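Next come two complexes built around chain A: one with chain B, the other with chain C.
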Partner chain A sequence: MILNKSEVTNILDKLASEYRVIAPVEKNGMVEFAAIQKGEEAKLDYANSKKPGKEILFPQSEELFNYTVDAEGLRMEDKVDSQASIIFGMRPCDVKSWVLLDNVFKNDQYTDVYYLTRRANSLVVGLGCNEPASTCFCSSVACGPFAKEGSDIFLTDIGEAYVVEGISEKGKELLAKLGLSEAGAEATAAAAKLQAEVKADGTINIEGMAEKLSGMFEHPYWDSLHEKCIGCGACTYLCPTCHCFDIADEATDCDGCRVRNWDACMFPLFTLHGSGHNPRPTGKARWRQRLMHKFNYFVERYNATACVGCGRCIKNCPVNLDIRQALADIQALD
Partner chain B sequence: MRNPYLPLPMKLVKNFTETSDKLIHTFTLEYQNEQDAENFKYEPGQFAELMVYGKGEAPFGIASSPTEKGILKFSVAKVGVVSTALHMLQEGTTVGVRGPLGNSYPLEQLKGKSLTIIGGGFAFTTLRSTIQYILDPANRGDYGDLTVIYGARNPGLLLYKDELAAWDARSDINLITTIDREVEGWNGRVGFIPTVTKEVAPKTDYAIICGPPVMIKFTMPVLVECGFTPERIIMSLENRMKCGIGMCGRCNVGSKYVCKDGPVFTKEQLDKLPNEY
Partner chain C sequence: MNKTESIREIAKKLLEEKKVDLVVGFAQGSLPLRSTPYFARTPEQADNLIWGATCENNLANFVRKRSEKVAVIAKGCDVRAIVALIKEGQVNRENLTIIGIPCEGMVDRKQICQAVGCKEILEATDNGADLVVKGKGFEQTLAKADVMFGSCKTCQYNTPVIFDELVGEKVEAKEADYADIEAFEALSPAERSAFIAKEMEKCIRCYACRQACPMCYCSECFVDCGAPAWIGKGADKVDDNALFQTVRVLHLAGRCVDCGACERACPVGIKLSILNRKMVKDVKELFGAEAGVNLEDPPALNTHQFDDKEDFML
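On to the complex of A and B.
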């Protein structure tokens, strides 16, 4: 199917009357995902959002429940968000990150109702990347500028229009309601050409990385890797697959709110015991943890690499640490 | 979908000062809803998040045994925000409990086996749960000889003093208590846990050990020397935790989460993980 760019505003207006539409918008000179009321707010000609798409399902700060304790006892009210949403125009890397995070927020015993309820009520319209940035390396990590995994509907920008593909049943059902016209042979060919030809940096070889890292916990390589790192945690906050969080109470005497906030393995307090003991007391241990978690522990646990190659950690690192270099160095070790 | 973050309300019925330095209190809690008492099924070795309204929650090993019906017990050292708030609570206050969490000591697998249980300091809580469970008349016959080696810096810092005396009087448990330095009036042993363990030289089928890292570090070689193979040494780990359900990411040792895959591991399992705990 085809969606002319001139019609996008109308379509979004129509969707916004029925769903919560979350789209990239420009705010304070940065692009972020936000709920829009009108189609014209959406900014689809963007490279990528500053903060990753994980925040749609797993906000940086989120209220879990409110509670009140008084003479009548205890009352709790949880704050599960079940509004039907359409995420419009998310990049394939961020879409893929949701697929990876699904592993984390549901395990054999427990379900994170907050994440999963939002997830179940979200429909994702992915948007392919015609011009991956120099920091993008999705083509190296089982993703790619036109990877469709996780999208319900997928858009390919062919200039004046988007070629629209229904991927999941949910996506196809929505498309049937929208009444878009069929794409002509020329448009389909243009989209196919882009999908076949556009690649991000694909030179990082992560094949066998998990196995290699398995024997490397004590390797001297870690001794110097972290030396430049100032432990700011930007890489983890902006990573679409990092999922660590803290839980805290914000309360007065009898009214309170349990909140969770993003947290990061790059901070020493993250693992500090009450006794003063810290299993990861050094920058070395924390850098090793970040890399190992993504390329070894996550693979062992969920059989997937926890990196989608979005390059945010590279682009936003204040000391120019580049995880691609670290991976290449590790591959080059004997 | 059940929300694993919501605590259930329990009533603090006893706030007991356990040690002479007053830094460890034992809290006895009663279920406020009968249904919760039915649903809260736990095994020795599991933990729960204890919540003080307005302060937050923190994880603690469950010190009571499932054979003690209708209550939960926790022994808590005064260390941080939540534990300090707990210590100050008046009896009758409502607290929140989220759990049971984590795995447990493999008591089913240990049936018919003889056991040595080694604890140090206040890391004796889930071990108390285990001992109470085994000593219960309904269960005692399922297990072989039981040796318990328990040490603290001084007699005042031993937990559960009344129970220790009662166990000492029984013939179906061999209790050895030890303190670090000679004190007047002390009849037990004197010496650190590794030394005492070496003296006792336990020859049981399995060993369960829980204590501060330094105690574990020096006792482990002694157990190996006594002939315990790695799959017969069972340990309980501690790491900083928040969610308790394997999601928040902070308590991992390699690819394992202490909160969900543990806290109980065998030495055999730990030997395969990075030494980062």
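On to the complex of A and C.
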């Protein structure tokens, strides 16, 4: 099917009357995902959002429930969000991150009602990347500028229009309602050409990485990797697959709420025990954890690498600690 | 010999003669307009050291509480932080060799990005006074002076105030310039409040500002304390984000060396310098004190004189 760019605003307006439409918008000089009321708010000619798409399902700060105690007793209200949503124009790396995060929030040990309710009520319209940035390496990590995994509908930008593909049943059903015209042969060919030819950096070699890391816990490499790291959370918070969180109770007198906030393995507090003992007391232990979690533990547990190659950690690190270099260094070790 | 060559030569000599175990400096980064902190422990590694207009991090961060003998490649603001840290007992001067670099200012990637319409820069060449930046389908020449960090444009201590070796000619000190703060002060309280709220709305509480600050070294930051919880931990509350910065600024009163490392590290571009420099300006005006400008002045918070101004007290 085909969606002319001039019609996008109308389509989004139409969708917004029925669904919560979450799209990239420009705010404070950055692109972020937010619910839009009108189609014209969406900014689809963006490279990528500053904060990753994970925050749609797993917000940085999320009230899980709140409570009040008064003379009549205790009242509690949970805050499960079940609003039907369309995520319009998310990049393939962020879409892939949802597929990876599903493993964490739904597995044999744990089912997260907050994440999963949003997930079940979300329909993803993925948007291919015609011009991946130099920091993008999705083509190296089982993703790619036109990877469709996780998208319900997929858009390919061919200039004046998007070629629209229904991927999942859910996506096809929505498309049937929208009444878009069929794409002509020329448009289809243009989209196929882009999908076949555009690649991000595919040279980051992670082949055998998980196996190699398995034997590296005590390797001296970790003594140097972390050295320039200042221990902030920019890489983890802006990573679409990092998912660690902390739970805090915020209460004043008889009113309170339980909040889930993003947390980061780069902070010493993340692993600090009540006793004062810290099993990851050094930057060395914390960086080893970050790298191991993405390229070894996650692979062993879920058979997938917890990196989608979006490059946000590379662009945003205050000291230019480049994960691509770390991976290359590890591959080069004997 | 250019500065990079001089730095390498000095570092190599220090390492070869075993006068130091480690030289902290900068190496070429992995992206255009990026350098990266580097730790040279052998004369061979010293060959990776570089100097340029992208050596933006404050390396004083890496010399606190070191047990080994360390040399550091330090620009003016790094040295101010080192001086302040020496006074606070965080750096042992005897174990530290300061290779000072009179600094002409570091270039700001955010301003450069805006100057080229936020297109991706794939290559950058430093021609002395100019930077030539190239990307897909464009090439633009920018005057470095136009795209310097705000903290560099107003820096009065480009030349390190103490050093063991100095690489390059001293840079003439500029007049004090607090035009940015004066403009902020001229706003109404409601306008100032709105400005701060807008900036704090961006905050993701990654604490890059705190971590990049050479003077923020508390073993437990007040934001990390759970009992009592002094502050909400979430990033969604603008007031809590502002409280974090307010306490940080107050905690840095008389200690902030105005290096701008916090603002440079911020991944979401919060204008932190407005708050920090307001405090720097106030401390200077009220108490005549500036942090880290010499080894003799006692830290502002460690002194009390009967004629200290107290008119801000109730």
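Operating definition for what follows: the second predicted complex is superposed on the first by the 329 of 334 C-alpha atoms of A that agree within 3 Å, B and C clash if a C-alpha of one lies under 4 Å from a C-alpha of the other, contacts with A are read in each partner's own complex, and residues count from 1 in each chain.
Basically, a contact is a pair of C-beta atoms (placed from the backbone, for glycine too) under 8 Å apart; a residue touches a chain by one contact, two chains touch by 3 or more.
Keep in mind the model is a prediction, meaning the values are calculated, not measured.
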item	value
Partner chain(s) touched by A:S134 [first = chain B, second = chain C, both, neither]	second
Chain C versus chain B, contacts on chain A by residue	B
First (chain B), second (chain C), both or neither touched by A:F65	first
First, second, both or neither for A:K50, with chain B first and chain C second	second
Which superposed partner A:D112 touches (first chain B, second chain C, both, neither)	first
First, second, both or neither for A:R280, with chain B first and chain C second	first
Contacts of A:P318 with chain B and chain C, given as first, second, both or neither	second
Which of chain B and chain C A:A332 touches, first, second, both or neither	neither
Partner chain in contact with A:T271 - chain B first, chain C second, else both or neither	first
First, second, both or neither for A:Y237, with chain B first and chain C second	second
On chain A, positions contacted by chain B and by chain C	246, 248
Complex contact set, residues of chain C against chain A	29-31, 34-39, 57, 61-62, 120, 122, 136, 198, 201-202, 204-208, 210-212, 224, 226, 229, 232-237, 264-265, 267-269
In the complex, chain A residues that touch chain C	28-30, 47, 50-51, 59-61, 131, 133-135, 224, 227-228, 230-234, 236-238, 246, 248, 250, 259, 261-262, 264, 267, 269, 314-316, 318-322, 324-325
Touching residues on chain B, where the partner in the complex is chain A	1-7, 9, 32, 53-57, 77, 79-80, 83, 94, 96, 212-213, 238-240, 242-243, 245-255, 260, 274, 276-277
Chain B partner contacts - residues on chain A that touch it in the complex	64-65, 67, 69, 73-74, 76, 78, 80, 104-105, 107, 109-114, 116-117, 217, 243-249, 251-254, 256, 258, 260, 263, 265, 270-275, 277, 279-280, 285, 289, 292-293, 296-298, 300-301
